[in-house]
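Please find the structures below.
Next come two complexes built around chain A: one with chain B, the other with chain C.
This part shows the complex of A and B:
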């Protein structure tokens, strides 16, 4: 399974995931009300410096912002037109800093460790008679399903292209949903046949990297 | 919760992810604004699974993104998306799926096509924007009217997804009726 995680051994990689999450929550709360462009500039520079400490690949991770670029531009323009450009700059700087800070945690924490760090959140499920391990099982199922679904779709798209010479279109969504639903019924039966989710032992299913071949 | 429900929830969460990873469908009119199929998944989850399982499928999908899986359309993932201006839409996803499922359940006297269209429109568009627009306003420090203006570009694409959802629900109701769990 692909992930935004960047393998490494920096100080942030070594920090416990739970501590990172708590610090992130505290810092985000602190940044949200800031209006002073100088303070925000300082925060932005500090966040970039954190990325730089991750090693040679560190600063490249800022590219995770790219899909946001057009949205940030629109926000800047909406602020500027009939408002103040300075406000737009402040809003965009604050957003960029907060997104980069949050991604810093994701970039330096393996999905396994993140899952384990938040497991205590699921303990209250016991009150409702649901095993707290079920969310973890569901996570592994999703990670396994995604590449399977993509291959189901690509074989449908290939057949469609052979018949019509056209690229896949929304017409494929209905047969895709039908085929995929049949598949999920088989998985449910297979899970029950193997003792079901209720038969989970003390072992937490791990989201092994490279398992899904995606 | 049975094994079957657990697998169905996981399955729809994966479906939403897969729809976001597919190549974008360009709409022929509107100057070909590219739309992703991801919010189609929100509508489908509610319409097909019903309120509770639909909302749980969306929560599971969001949980995977928070863990660091880049499953949002455009390959976005990680905690950063929850600090981005579109976070309101993400919060709206499970609520929207819940409302869509509820409408499907309450309109059993209607045939599937119009009921699914209504459910997708109210849950998948109305509710999602109800959370999404204030989300932009808060995160980007914009007045509500400006935030709504900025989000309006996506409404035509969402209306097309409402139509696709209705057609898919109708097709599934004919081809595999037991899979339409919201009516079960």
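This part shows the complex of A and C:
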């Protein structure tokens, strides 16, 4: 569930990123042991209400659950067959609420704020002489390149289908891995060309006027 | 009171960038071997023109040559001086002076949204988060791109993506802009818009392209072949000779796989 930042000025956008992440952790821990379907139903409704406060664009974000639908169905069926259907319902509601809550944070938090919020987690790395900026930047890169990797995979699958008439296959794993490696080389080169993960220091240039644009 | 000057300082003094220097890049007997292949052989060039184009077949050494300009490659033999400083000695500082734009915009952008991508260039130069954010917003306004500021990079058109990649490099105020086939993935309209944009820039430009029309208005074109300079001069001389050579070689090809 990696979705795109939704620009806005809602109360959730204004809340500090660190507080949001802490609340997310606390709420997730609180939801985990809940077994009562009524309470979980209430939690689910509350999460939907949070989305509603972001406006119609916010509610649309809930559609991002769609790719998870088959997984949720499997979980529901497994619980139903092995235990009771009520257990299945509880498990699905719990999972959906947690995923939606986590997604709510990514939808309302800018990447640079998120980076700043998670950076302290990496401070202990300083002991080993590694800049905490690096892993934080790596997190950003993962999030940024998920859509790119998806499109790499879909072009491979398309080329495969064009010649075999079949949908994707496990055979695509090897070329996908190679292309992903090549992509990572290009990205690393582009990052180096802009001063690398560590940055260039403290000089801030004057801004100059451009004449043409978008 | 300085009664003793360490040798190191003298060397730093020698390696200082001078952006006002007319000959912004000087290659002296440059050789480069990558993966066991000699990609550049004995290149000696002095670059001073505002707009310089590089042409040549794939594998002729174009990309390797321009990568020497901002330290992505260092010369194996000889030396490269950028604004008077030898790249081997000042490699880490080169991105401040030499911006580099690649062919595929999807492989360049690091942040998910446009404004963050531009702000990254400013944080690279040491700006704090708020200053970088404000600076990015102002910069996008200056370039009439404020409408794209909040957009996810992945949702932009190819032309918009490349434009943002160029701006993300320009925000660092380099004196020289190097572009390695920046128009290759663009349609005709986007390519023309990017060319218009490049014409307005104060920066010196070194541009690689297979589309020779983009060299309209350029001061100089360098034609590379097998890691060497085959011809070097004004576009009016070099480009017709290059095209004639392409036609001759295509006509003289002796078998199907000669391409």
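A few remarks follow.
Heads up, the rule we're going with is that the second predicted complex is superposed on the first by the 132 of 214 C-alpha atoms of A that agree within 3 Å, B and C clash if a C-alpha of one lies under 4 Å from a C-alpha of the other, contacts with A are read in each partner's own complex, and residues count from 1 in each chain.
Methods note: a contact is a pair of C-beta atoms (placed from the backbone, for glycine too) under 8 Å apart; a residue touches a chain by one contact, two chains touch by 3 or more.
Remember, it's a predicted structure, so these values are computed and weren't measured experimentally.
The wider contact with chain A, measured as residues touched, comes from B rather than the other of chain B and chain C. When both complexes are overlaid on chain A, the residue A:75 reaches chain B alone and has no touch with chain C.
In the superposed model, A:101 makes contact with chain B only, not with chain C. In the superposition on chain A, A:10 makes contact with neither chain B nor chain C. Of the two partner chains, chain B is the only one touched by A:149; chain C is not.
In the superposed model, A:192 lies in contact with both chain B and chain C. In the overlay built on the shared chain, the residue A:116 is in contact with chain C alone; chain B does not reach it. The interface of chain A with chain B overlaps its interface with chain C at residues 4-5, 110-111, 137, 141, 143, 148, 187, 191-192, 196, 207. By the touch rule above, chain A contacts chain C in their complex via residues 4-5, 7, 110-112, 116, 137, 140-141, 143-144, 147-148, 151, 183, 186-187, 189-196, 199-214. Residues 70, 72, 92-93, 95-96, 99-100, 102, 104, 106-113, 116, 119-127, 129, 131-133, 135, 138-139, 142-145, 147-148, 150, 152-155, 160, 163, 168-173, 196-197, 200-202 of chain C are the ones touching chain A in the complex. By the touch criterion stated above, chain B contacts chain A in their complex at residues 1, 3-4, 6-11, 13-15, 17-18, 21-23, 25, 37, 40, 44, 48, 60-61, 63-64, 66-71, 74-86, 136, 139-142, 146-147, 149-150, 160, 164, 167-168, 171-172, 175-176, 179.
Contact residues on chain A toward chain B in their complex (touch as defined above): 1-5, 24, 28, 64, 67-68, 71-72, 74-75, 78-79, 87, 90-91, 94-95, 98-103, 105-107, 109-111, 114-115, 130, 134-135, 137-139, 141-143, 145-146, 148-150, 153, 167-170, 173-175, 177-178, 180-182, 184, 187-188, 191-192, 196-198, 207.
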